[in-house]
């Protein structure tokens, strides 16, 4: 299993979110509290959008995030208004750069915590369902990348919630065909650089943790002394595998079987149901 | 493209073959003379059989062989009677451990120099031809690993020359279906720990270089002063992408479209023709 | 801080000791029970003596031991009668191969768990005390390597206990000069390939844990069903940072301020007192 | 030996300078024309100043630059008005991150091509000359880092040409004391984020190559069709180990025993003479 965070809002140095909080993602790489594993040391990645470039930059490496000096450097010197960060604990697939999140295709990024149950056995059937043109761009061996490519096959770039629902539907169908009771366990973040979708779902109805930050104006009222809250816009939002700190009122659980949309204007929170692919 | 060597004979420290010769494989990683690229710095690997273990040990790493201290250590401290060594120059696929040669399955090892032309485009069709049970064990993204798994699908463990011929036939057939004029370029070594097969073939009839060492007794007569030659058995044999040194009479080119078998008793050299898969 | 083990006895596949036990060193890399840190993922190393080579082979790499496939391969294919293994949790110095244990000089190997307090500040003074000829061979930046080179400066190759005592004495003297109350905390293993010394000491008299295995014949009487115990010689001995499993009667704590010698014939356990350098 | 480039001028994506030119630094990592080695694959680094941060970001990694995907990502997504890039071919010291250039201290960066002759032997004497406070921050084992720390000891932050001259003087003095005829061979770039100094010197008067780009307005007159030249400011300047392309009139050799200063207003070119330290 893994841990991740997604940030959208006022441009900040990545360090502000990645390292500064008391229970930061980097701290979680050594001491996760809510994850299946306390240690997430099997590679990591960040992906960020700049001011004027369409495609996000992606920096991924094997080895633990906690000791990676290059990650520290980038966090200290790169600003972004929308970025992903992910720390990995492999469920069996190789520790290699092409298995690190986030995955990118054109302007889209995808990251995932969870697993396709018995992925080893159903991997081939899922691979056959990937659009042959897209198949050419798959480089790694993880269930997470497969989910991304299936979602793209099902129209991610046009309608992300529907594409993810069809991906989930296919995984469950193929899993059931192979006798897997609960084929899917996932929290997924996906973005096109404008909007950000976050999904929480599992076949057994007992999904990995996922939280979103409270509206900034509410937080400002609760914590009038926090300078950081005065500096960021009302629309700033964080979605995380587990809370980054202990600030009362700051975090809300994403409900089971639902997804949220972070966007200009009002954010949304909706229920999520897999669809027949 | 890449460079490789295969050794079979009297047990030696790997160092004797890997580092000691004047134009050793390690030297070739920086200064290949006959390769498509002079530099082979995109990962490397060795695989060796021990005295009493069925399965070979495999040590593979990303980065250049020339500066790898662990390779130096293993070469200085491990003996083997049958081992492979490979240095990689990627033709596009990722530099990662699962793309480094030799590949292993059970007691079998495989390594390759060459390429499937337009592999990116025909990869999916080839993947579909791999036995579904074997497909589960593919970890990397190279044409070389795909060739290995296709050969296993076609019975490598029972009849290596026939399985490799059918693999080559399938690659050519699928390539031609996609409009590729010369789909295959290969020099391949494969072993089960007892016998060693080496293939040289290309669709265009202009294959990468491959050499085998002259019979030890002939070499002893030519070079009575060389102590190394007195220490190794008559059956000792090397097969290499390019000669390891300048010793007159030591190296013979494997002919176009042929394969050799290194085994107890007389070695063999036969012609190679792809077969309809 | 770190974890380590030293094995001396009947030649075994490294795997037998490194991976097989229920709370193996590899398990400790993720879930140490007695260490200062539960995670030891900042590099690792093994060093082993072969049958007929004077100098040990050393395999060290950055990144965690738990996911390193090459370590797994070597453990599955290399046998040794005397070997060291070490997993590292850095106390600040860089994660790099030259900072991984064991350190080697000629036929000698050294590994360490602990720290020189305020090493950053007193490093230069200690470096000045290293024999100028030996200084040339220092490659890393750890306190552990410095301790090894100081011990060599003080005659490690002639009288290890005395050399280590003088090293400890110097560290304490220089530390005190810089106002450090408790300059040294160490468990150290050192060997020349024949004998094996293990030291437990700290300036504050509260040292990191260290255990040695009970005499094999006693263990055989306690556990007559364990096949492994029937296969190894009476002289087989393990020294470990923390017990590898739950076998009753198997482990004895090395007392505070003492050292043990594993050797042909009777092993020894003696008190350790730093000496004026 | 190594290759490097230093850029100062209109902010550009690093890619523009690092990858786009026909004989780019990345191309030089495989096919250097003027270097001592054609291959520079033993690590690399970049360092860049952002708009509003004092301290440069530094990204360094082991392994070759040509296959490093993270370098490619950063080059595609980071802009800078002043940056260094370096590719390394080790002259013997370990391939590790702390030995990769550029080296940084506070807001200062340093990179080097060349070598201190017999560094192994005179390293200790040079280390003793480093300011004890600065000594604490040395992390690697190269002659290049040593030169940087000696220059800081001699007042780099106040008067770079004088500090570098005293460093060179000391290296020559200590080298001569050890019987080394030509102790120093160097091309060095150093910057504080405002100004950029580049030195070319060797004890034997036969230094590694170094070039600076012709004034932009001159180049514009020569090549009125080149869009890139219309986009960059008059003050834009490149200093490189070897020319990045074949553009006639673009490159001028830095004379033997001289240094240049790139700064607001007129740049300078002066002679360089080592001084007694």
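When the chains are written out, they are named A, B, C and D in that same order, and each has its own residue count from 1.
Here is the rule we go by: a contact is a pair of C-beta atoms (placed from the backbone, for glycine too) under 8 Å apart; a residue touches a chain by one contact, two chains touch by 3 or more.
As the structure is a computational prediction, the values presented were derived from the model and not from experiment.
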From the options A-B, B-D or A-D, the pair that copies B-C, where over half of the contact pairs coincide: A-D
Pair joined by the larger number of C-beta contacts - A-D, A-C: A-D
Interchain centroid distance [CA atoms averaged], chain A/chain C, Å: 41
Residues of chain B touching at least two other chains: 69, 94, 97
Complex contact set, residues of chain A against chain C: 30, 38-39, 41-42, 62-64, 67, 69, 90, 94-95
Residues of chain A defined as touching chain B within the complex: 93-94, 96-98, 120-121, 123-124, 127-128, 132, 135-136, 138-141
Complex interface listing, chain D residues touching chain A: 48, 50, 53, 55-61, 69-70, 73-74, 76-78, 97
